[in-house]
Every structure is written in structure tokens, then in C-alpha cells.
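What follows is a pair of complexes built around chain A, which joins chain B in one and chain C in the other.
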Partner chain A sequence: MQIASSILRFTARKLLRLLILLGAVAVFSFVLINLSPIDPVNAYIGADMLLISPEQRALIATRWGLDQPMTVRFARWAEQILQGNLGVSIIFNQPVATVIADRFSTSLALMATAWILSGAIGFVLGILAGMREGSLIDRAIRLYAYTLASSPTFWVALLLLIIFSVSLKWAPFCCASPPGLLPDQVTITQRLQHLILPAITLSIVGVANMALHTRQKLIEVLQSEYALFARAQGESIWGLVQNHGIRNVALPAITLQGAALSELFGGAVLAEQVFSYPGLGQATVQAAIRSDVPLLLGIVFFSAIFVFVGNTLADLAYQVIDPRIRIGGGAQ
Partner chain B sequence: MSQSSTTPATTTLSSSGKVARIYPWQMNRRQKTVLTIGLCLGFFALALLGGRIIGDAGLSTNLPSRNQAPSLAHPFGTDWLGRDMLTRTLHGLSLSLWVGLLAATFSAVIGAALGTIAATIGGWVDTLLTWCIDVFFSLPHLVLLIMIAFAVGGGTTGVIIAVACTHWTGLARIIRAEVLQLRSAPYVQLAAQFGRSPTWIACEHMLPHLVPQFLVGLILLFPHAILHEAGLTFIGIGLSPHLPAIGIILAESMRYLATGYWWLAAMPGAALLIAVKLFDVLGEHVRALIDPKTRQS
Partner chain C sequence: MRRMRTLLLGLIIGLLWLSACGTPTAPAPTQTTTTASQPTTAPVAPATTRSAPQQLILAIGGESEDGYDPTLGWGRYGSPLFQSTLLQRNEQLQLVNDLATDYTISADKLVWTINIRQDAKFSDGKPVTSEDVAYTFTKAQESGGKTDVTTLDKAVVTGPYQVELHLKQPQITFVQRLATLGIVPKHAHGPDYAQKPIGSGPYTLVSWEKGKQLIVEANPLYYGTQPQIKRLVFLFVDSEGDGAFIAAKAGQVQVASVPPSLAVQQIPNMRLVDVKSVDNRGIMFPYVADEGKKTPTGYPIGNNVTADRAIRQAINYVIDRKALVQGVLEGYGSPAYGPVSGLAWEQPQATIEDTNLATAKQLLADGGWQAGSDGVLVKDGLKAAFTLIYPASDATRQALALSAADMVRPLGITINVEGKGWDDIEKLMHSNAILFGWGSHDQTEMYNLYHSSAAGQGFYNTGYYANQSIDSTLDLALGAPSEQEAIAFWQKAQWDGTNGFTTKGDAAWAWLVNLDHTYFVDQCLDIGTPQIEPHGHGWPITAGIVNWKWTCK
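What follows is the complex of A and B.
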């Protein structure tokens, strides 16, 4: 009973935080877009600008409520958002929610692969480097991580494209499926082939942070007194890492992995641009370049939820893994 | 450090306990740090002025020598108009560095000011700022950058404003924590009880701690600012396509990738990577030199 009620409290607290956060993001982005020099009527009319008379412009402005003060417009807009209506995307001519769902389902495979790969590889590299601090392998891993941490994601993507698509012809050049095929004709193998390069790009860039943090934490653990005591009892370095290292290093690594979703989203924007991968990242770029305000705002909301989910997942994993802070606190 | 490097081959105990010989040409750690900082600064001076020094000679269209692979005459190759890629890269790097420097400086000033204000006034101001920082961290950085750059209308100003408005959070946190810690430090409270004016305490006790933090924070902001500037420009929301920025050069190179002109993308990107990496090195070494709290390791 107690556990059920604390799970309930945990969920309620998280939901409340999310609501406040989304409220803040809504106010912030609404004010930002409103202060911007971009004229919504012009953005809507686009190329037909010369065909529209000033009277018609004024009519559009009145119809959209642009003559109202900002607070009134915000109230109207927020009302629509609360009803789940994010508006219609100008460039895709579809409801924003549909576009985001559609695009995200394409990006999801890419992001999930990259997320898991970068987390796992980064953790292993960090353990290897931390175990033998100062050795050749540690130096190599550190050099790799520090170099990757300061290299532009889109440049790494370009290099992989040059090496594996253009020179070696191992991977396809662009997109999420071969050109000229309907979505239901594409096989799983083809999808994977198109997925692999962008996923590798995001993974090898994402590894750096995780590897460096894990290494640092493991070194701290190995310098601790309980590690020294275990050594004195004859524990081997492997046993030490298995029994003391990984358990203690896993917690900060999980927090880091949860927070990595934010960087991953940004990385996906750049990588999808290079590989012409039709995911959410590419939609973000198009929305910004072609002034599709409803879509851009929708993506901003979505990305806030996305990052929040990542952090919450890490919190939840903590509850499962760490006996000290298990939900309900009744771990005896 | 106690051993002067002018005495040849004196022996000293190194940190590992072994007896090491010191030769005149060997430098101690502090000297190495200073030398590294000097070399980095020299590189940045060259990179910042690179465009001016090398001139515009390589930028003119020269169709007979187009699409050449890297050679002695053109170390970075030439592009589809026969322009020298080395010249273009140097111009681009110089532009990217200037934009990054400007944006990072704005950002650091914002961060330091807000951090100090929050810690000094405290109360609801502090709560509000901490909450604002949390909201900033709740969006993917690139999405935030894209939205701000879009809202202010893109272009060079757009990039600078976007980068300046989104990078202050980390430094604001650090400065806030530092000021809070200093305010409760015994020697600061003692000075106040002895009747020292707040201005005196701020200048004599606080600034010596805050200035190194600010400088190091500022330098470590540059890599992020430059990378984000290049990223924004690359996806087409940043600098105008007519400017020779690194992001523009890389975006243009995408059109020629399928033809196998690898040098169009590889070389300018590597130049950017080196510049970013050197800022990291510079930041770490300046930190080691002026911040007594960090170990030199």
C-alpha cells in the first residue's frame, strides 16, 4: 500500500513539474516569436505577396486576431494548445501533431540505436580507461574522447559519408529508404542500411561524455578506502571493478545517459541534415528556414517533453537500482 | 618548481619519488603551461587575423584550376570555381572565431552579471534565476538556438544573439555558487564585522576569486560558441551564404560529395576542430595557472 501511494506521489510530482515546465516554455516561446521581426501575415502569404492588397492583409490580420493585445492572443493560443490543437504546419499542410508523430517515428529508430550504442560503448570505454589510469589504452581513449568532444557533429557525418558511401560504397548515400519505393515496399534490411551511418555518427560523437565521466568516477572508486581494503584482501583488479566499480559508477552514468537525450536531439538535427534523413531533426531545420511557426513551436514543445522523459527515466532507473532511495523507502 | 632551470643537471625528487635529472632544456610544469598558453594565443592571433594577412588573392574565380586535389600549390585543394580552399578556410575560420568570440563574451558577461545578482540579492530573485536556468536546460540546446536565431530574424546578428542568450547558464551557476560560498566565508564575515565597506570586501576578497572563474569560464565557452555558430550556419539559419564561414563552406561541400571531392569538407572541418580543441587546451592551462584550487594534472 505504502509503495503504491509513493509511486502515485512520485508520478504526481513529476507531472506537476512537467506542466509548469511546459507552461514556462509556452510563455517563453510565444513572447519570443511575437517580439520577432517576422511578420506572420508575410510568412503566411509567402510568394503571393504581390497579389495581396493591403486591405486583404488587414483582413487576414483581423481574422487571426493580430490586432488584439499580446495577452489576449496568448490566452486564445494557450486555449487551443490545451485542447490538443497545435495548429497546421504551413510547409507540410498537415496538422502539426501528425507531422511530428510521423517524423518522430522515423527518427526514433535512429535516436534509440545511437542512444543505446553510445551509452554502452561509452560506459565500457570509461571502465577500461579508468581501470588502467595512465596506461596506453587510457591515453588512447582519452585522446579519442577529447577529440570527439570538440569535433562538429556535422563534420563527422560528412567524413563518414565520404569514406563509407562515396569511396567504399558500403552504405547508401542518403535518405531513410531507397528512392522511388513506397513506404510499404521497403524491407527491414534496406531500412537498417540507411540507418547505420547516421546512427554511427551520433554514437561516436555521443560516446565522449559518457566515457570521460565513467573514467573519472571509476578512478575515484578505485582510490577509495574500501577498494584499498578489497585489494589488501587479495581481490584482483577485475573483481574490484565487478564488485565495487560498476555498482558505484552505474548511478552517475544513468543520470548522464538520461540527460544525453538533449544532446542527442541536437545531434540528430545535424546528422539528419547531412544524410537527408527525413526525421524530426530535418523537419526542425525546414520549419525554421521556411518560417513554419506552428511546426517550430510544436517541435519545441515536443523536444521539451522528450528531454523531460529522458531525465525521468533516469530517475526511475535510480529507484530500481539504488537500494538506498528505492520508492517507498522500504527496502529493509 | 623550486629548482631553477639554469643549473644544469641537478637532481630532484619528482612526485613519483624517483630521482630525476633536470636538464637545462627541460621545463618545469609551470613553464610548460605558460609556453602552451603562449602558443595557443599566438595561434589564435594568427587565425583571427589570418584572413587579412593572407589577402584575397586566392578568393578570385580561377576556372582552369578548379576541383584540384590537395597539392603543394594548393594544400587544401581548390573548389568548383578554382578558389584556393586554404585561403577560404582561413577566411572562414577567422570569421567563425570572431563571431564565436563576440557571442561567448556577451554570454559570459550575462552569466557573470546574473550569477552575481542572484547570489547577492538572494530571495525570490535567486529562486527565479535558478528556475530560469532549469527551464533553459529542459530544451535541447540546438532547438533553443534554432528558435532564438529564427525569432530574431537569422543572419549574423541572429547567430550572435542566439549563442549569447543560451550559453550563460553554466557560468551563471558557477559564479552564483562561488559568490554564495564567499559571502559565508569566515574571513569575509570577519572583514564586515571589522567595519570594512561592502565595496572593499567585494574588491579585496571577492574579485580575486571571481576573476579567475570568469576568465576560465569565458575561455571554455568559446569552443561551444564556435561549434554552435558553425552548426547553425551549416543548417542554413546562421551567417549569410555569401560569407566565407566554415559552416557555409561545409554546407556547400555537400553538393560535391558524391563526385568524390573529399577535400572540400575534410580540410575546413579539420581546421575548425583544431581551433576548437586549442581553445579547450588554452582554457585548461589558464585554469591550471591562475586557479589555485585545481591541481595541475
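What follows is the complex of A and C.
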């Protein structure tokens, strides 16, 4: 009974926070985007600027409601949002929800693969390095992590693209499936082939953070008094890591992995750009540089919810791993 | 950023190439790895096979993100692929009939009567009638898209295959709408149309995966010659940067549009096609002196140095345009002396002998400019110095601006070159010289660049150029009864022996170069004679796509 009510309280508190977060995100993004110097009409017309008369510009502005002041537009937009309607994208001339669903379905596989790989590999590398601090393997892993942590994602992406796609021709050079095939002709194998290189790019850049943090935490654990005590009782290094290390190291790792969701969005933008992978990242870049307010807000909303859910899951995972902060268990 | 990436790419390719030479055991590029897993029924175009592929893959960009609806601006450069237009511009950019069989313009030039062919069908089998033409023009006039049909008053159906277009005022450049506005079916045009276009053009849409590719197939109901290439795949990789180049290098595409910096590379089985364009770059000078005036939006107008004709003409004469083409554009370009290089309405007499320091110095001396103590020219206490602004994101314009400033320095004119964002340029473009680039098949552009009534409206005549005699010549051109007759006036506005907006006249701009558009094309693919392309690099090359041929057996 007590547990049920605390779960309820937990959920209610989380939901309230999410609502406040979304409200703040909405207001800030809307104001910021509207203060952006990019005129969406100019961005839309592009090089045809000299062929579009002032009358036609007015028609374009009216079509998107840009002839109204910012407050009116915000009120209209907020009203639509409350009805569950994200509006229509200026660039794609389609409902924002459709565009996001379409793009995210492409990005999802990429992000999920990269997220799991970078988390798992980073954790294992961190443990290996932390276990043997100062050894050759530790130094090799640190060198790798520092190098990768300071390499721009797009540079790594470009390098891999040149080596594996252009030179060796082991991997496809672009896109989420082979060019010239209809969507229903594409096999799972082909999709995986096209996923590998962008996912590896995101992973090898993403492991650095996880590996370094895990390593540091494990060193701390191994230097603690209880570890020393266990050592004195004859526990091997492997046993120490298994019985004391992993559980303690897992907590910060999970926080980090939850937070990595937001970085993943950022990294995906760049990787998708280089690999011409038509996911959410590409759409975000376009929405921003062409001042597509409805689409950009839709994506901001979506990613806010996405990251929030990720962090909440991390919170919940703590309670599975660490009995000290279990719901309802804290009071005893 | 893009330039950096391109440089980086070049470097890496160079290194890899070197390393490949040093190690003969490096795995040879084979096609098998990428094709082996593809289902045998799927059409595949391996680059190693030289027989006709079942489909062409083109990496030339040009995705219309908001869909393929002509009433919203799809196909505004002509040849909308899915739809057909009333008129067309052929390789020489002359107007020829397409859907229209003939058209006449009334004596008051307000009513255009158009007869259309009776054998045209939409790809859904329904005939194309005057109802559809009237609907298309009315719809395009109402909707806020990228095609401007605001001159149209109304479209009236006068017979099953005859339609009258009534204009608000005479405007011969309306003929450009006839040549670019694809006719949409009235019965099948709705909110979804942009995603699933139906038209009477040479190709129909098979599949469009946004951001990735567009697949089209020949339309069996097309009234014109059936294209030899039955299936086309437009692959939307980054064609302004290095995406298309990588695709071509990987042997996966038959046509790739690449920036000139990558055009110097070699790709096996592909040749470089270097297409002339009117994609021009030039220096716009503020024409009036700074008298403290402001635009309606509050930005300053005028510049005392560039308001002096001697300065503008001298700059025009001293610049070495051939050197700009060689140095900045790697040879992929041509000198520009006006805004419409190579088009039928260019005035050939407006061309000058440039790289001419003596003439330039003479002009300045005649204009009353004398060398000051620091070598910079002075006239009535005014120093010959001004700022030239280029869009900071464009490396080519930066190089052009810096080179032009260097070429002008021996005259004693100091040009301070600055890069800015477009939002800043909008504030500064009435009082500073700007490195702009335009270029269109539509003469309206020339009108808007030089007519005094266009001054201060957005990016139109930003320098507030004003010359009554040029104004009236431009008005005569716009009000001419046919494009042929208008051309004489368009040419006169450029230079008529005594007057003109080009160098010998008012020298309102210093036009510098036209960019060539560079493409890698499969050696087996004959793409005919491409048109002189407008500002956009990429899609315009498809203008003659119906006549493309695979020449290898």
C-alpha cells in the first residue's frame, strides 16, 4: 500500500516536472527562434529573390501566418499544441508529426545501436583500464579515449567514409539503404550494411566519456577501505571487480548513459550529415538554417521528451541496482 | 567550413592514393561486395558493366523538400519532369511550343489566348484540357509559393482546348511562366498532390524517400518522344559539398554535380562536363551619394565614393576577369560584363577590354581624382576608399572579393573586404559595395536589378541605381508585344551607344565572372547540349533529359 502510493507520488512528481520542462522549452525556443536573424521567407525563396515580387512575398508570409505579431503566433501555436497538433512544417509542407515520425524511424536504429554499443564498450574498456591502473592496457585505453574525446564527430565520420567506402569499398558510401531500390525491395541485411558505418562512428566517439568515467570510479572503489579489507581476506582482483566494483561503478555509468541520450542527438546530426543518412538530425539542421519554426519546435519538444524519458529510466534503474535508494525502501 | 572540408577531403584522398600506390597488395576495388547481397530481381547498375543500365542514378541534388507541386514553385527553372508546360526553352533557350499549339497576345497586351494540343493525357489517363490550364494558373496566382503569378488577373476557359490569360498590366516576361509552370490536373489536385504528383510530363513518380532519393519512370502516356532512359534515380546526397563526388568516386552514380574545386579530380569511366551558366558574381555599387537618407526600414542609403562614376568605371576596366576565372574558379568559369552573359538578350557591344590600367587611370584623372600623400586617391578631401562585403559562408565570393581588391589597389583605390552574414548584409547593402550573385533565364531579374522603381524593395536594386532613360527602355522591354521585340530593348538598356547600365554607360555594377557548373558524367552517357544554366547548380542539367542516350553497347 505504502509502496503503491509512493510509486504514484513518484510518477506524479515526474509528470509535473515534465510539464514544467515542456512549458519552459516551448516559451524559450519560440522566443529564441523568432529572434533569429534568419527570415524564413528569404530562406524559402533562396536564389529566386529577384523574381519574387513584394505581392508574392506577402502571399508566402500569409500562408505561414508570419504576417501576425509574435504573441499572436505563439498563442495560436500553443492552442494547437494543446489539441495535440504540432502544426505544419514550412520546409516539408507536411504535418510536423509526420515529418518527425518519418525521420525518427530512420534515426532510431542508428541511435539505438550507437547508444548500446558505446555504453557497453565504454563500460568494459573503463573496467579493464581501472583494474590495472598504470599498465600498458590502461595507457592504451586512455590514449584512445583522449584522442577520440577530442576528435570532432564529422571528422571521424569523414575519415571512416573515405577509408571504408571510397578506398576499400567495404561499406556503402551513403544513405540508409542502397540507391535505386524501392523501400520494400530493401532487405534487412542491406539496412544493416548501411547502418554499420554511421553507428560505428557514433560509438567510437561516444565510448570515450563512458570509459574514462568508469575507469576513475573503479580506481576509487579499488582504493577504498572495504576493497582493501576484501583484498586482505584473500579476494582476487576479478572477484573484487565482480562483487564490489561493478555495482558501484554502474550507478554513475547509468547516469552518464542517460545523459548521453542528449549528446547522441547532437552527434547524430553530424554523422547523418556526412553519411547522407536522412534521419532526424538532417531535418533538425534544415529546420534551423531555414527558420522552420513549427518543425524546429516539434523536434525540440520531441527530443526534450526523449531525453527526459531516458533520464527517468536511468533513475528507475538505480533503484533496481542500489537497494539504498529503492522506492519505499529509503525510509527503513 | 565547406571549403575546409573539401580541402581536408582532397588531402585525405591524396594520402590514400599515395599509400595505395606504395602498397600494390591493397585490396582492389571490386563491385561484388556491394552487389552480391542484392536480390537478383532488383534493377542494378554496376559501374563495371558498360552495357545500358536499367536505371540511371544521378547525384545532382535538387530535392524539392516541399514536394512536386508546380503551383507552389516546383520546376520554376523549366522542365518539371512530372508535368509539362505550355511552352519550353530549347537548348538555345528559344521558346518552342510544348502543350500549347500556338498563342496570341491582344493589341493591348493584356489578354493572352492560348490553344493547347488535344492529344495530351495525364498519367492517370484523363485528358489535359483548358480547364486544367486555367485551374493551374489561378491556383498558382493564389498560393504563396516560389513561383510569382501575381501579374495574372484571371484565367478564362474559352473552349475545351483554348484558354485566355488576362493580365493586370502588360508584361512580356509573363511568357516565362508559360515556359515554367507545369500544368496540374484539376481533378486530382489537393493537399496530397505535392507528395504524389500526377501530370502529363515525360516521367511519373515511383517512389520518393525524403532526404534520400526520388525514383521516376517513363510515362507511357507522354505525348512527346519516349525517353530512351526508362528509369531515373535522383540520389540526394550533398551535391554542393563532397557527397556527390564520393558517390561518383564509389562508382555508384552516372551523373554527379561537383564543386569546381573537386572537378580537377579524375574518376574512372567518367568524364567532366563543364556547363556554361549565367550564375554570375559581381560587385554592386551604391549609386547615390550619402545624403543621410534611410530606407523605409531605417538602413542608410548611399556611398560618396562609389557614387562617382569614374571610380565605378575605373574598377570595371582595371579588373582582370580572366585571372579571376583561372585563379578563383580553377578555370571553370567565364568573364562577365553584364548580368545576362551568353543569353540571347545580352548586348555584345557592352563587352569591354579589361585589365586596362591606363584607361582606368585616365578615367580617374578625368574624374578629378588625384594621388594623396599615402598613395590613395583623393578628390575634394574625399578618400577613394570603401568597403566591399561578401557573404561570409561563401568561400568563392570571399576569394573573388579579395582578388578584386588586390587588382584595384594599383589605381590608388582602397577596398576594405569584409565577410558578413546575410542578416547584416541586408542592413548594409544600400550603403556598401556587395559581392552579389544572380542569374536567371527570366528577364524580370534584369528589370528588378536596374529599374529605379525597384530600388529598396528587398534585394532588388539595392544600390538605388536610377537613370530615367534606362527606366523607360526597361519599361518598353517589359511592355513589348513579343519576347523577340523585347530583346532589342533589353539590349539597349545594357548599352545603346550613348547610354546603358553596363561599364561604358553608368557602370552601376562591376560584373566579374560567371561560374561554370561542373558535372561528372558516365562516359557512356550522352546528355546532348546542355542549356546555359541559371543560378542553381544541379537540377537544371535535366532540362534535356528526355533526349539523353546510353551510347555504349
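To be clear about the criterion, the second predicted complex is superposed on the first by the 292 of 332 C-alpha atoms of A that agree within 3 Å, B and C clash if a C-alpha of one lies under 4 Å from a C-alpha of the other, contacts with A are read in each partner's own complex, and residues count from 1 in each chain.
We take it that contacts are C-beta pairs under 8 Å (C-beta built on N, C-alpha and C of every residue); 3 or more make two chains touch, one makes a residue touch a chain.
Owing to the predicted nature of the structure, the values given are computational and were not obtained by experimental measurement.
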item	value
Chain B versus chain C as contact partner of A:L158, first or second or both or neither	both
Which superposed partner A:L128 touches (first chain B, second chain C, both, neither)	neither
Touched partner set for A:V300, first chain B, second chain C, both or neither	first
Contacts of A:S262 with chain B and chain C, given as first, second, both or neither	first
Which superposed partner A:L202 touches (first chain B, second chain C, both, neither)	neither
Touching partner for A:Q273 - first (chain B), second (chain C), both, neither	both
Partner chain in contact with A:V221 - chain B first, chain C second, else both or neither	neither
Chain B versus chain C as contact partner of A:L51, first or second or both or neither	second
Touching partner for A:W170 - first (chain B), second (chain C), both, neither	second
Broader residue contact with chain A after superposition on the shared chain, chain B or chain C	C
Chain A residues contacted in one complex by chain B, in the other by chain C	37-38, 154-155, 158-159, 161-162, 166-167, 173, 273
Of chain B, residues touching chain A in the complex	131, 135, 137-143, 146-153, 223, 227, 230-231, 234-237, 250, 253-254, 257-258, 260, 262, 265-266, 269, 272-273, 276-277, 280
Residue numbers on chain A that touch chain C, as the complex places them	37-39, 42, 44-45, 47-57, 59-64, 90-94, 102-103, 154-155, 158-159, 161-163, 165-170, 172-183, 185, 187, 189-190, 193, 273, 276, 278, 282-283, 286
Residues of chain C defined as touching chain A within the complex	5, 8-9, 12-13, 16, 20, 27, 29-31, 33-34, 37-39, 42-45, 55, 57, 65-67, 72, 76, 142-146, 148, 150, 194-195, 206-207, 209-213, 215, 233, 235-238, 243, 246-247, 249-250, 252-253, 421-423, 438, 440, 442, 444-445, 448-449, 457-460, 535-536
Residues of chain A touching chain B in the complex	21, 24-25, 28-29, 32-33, 35-38, 146-147, 149-155, 158-159, 161-162, 166-167, 173, 261-263, 265-266, 269-270, 273-274, 284-285, 288-289, 291, 296, 299-300, 303-304, 306-308
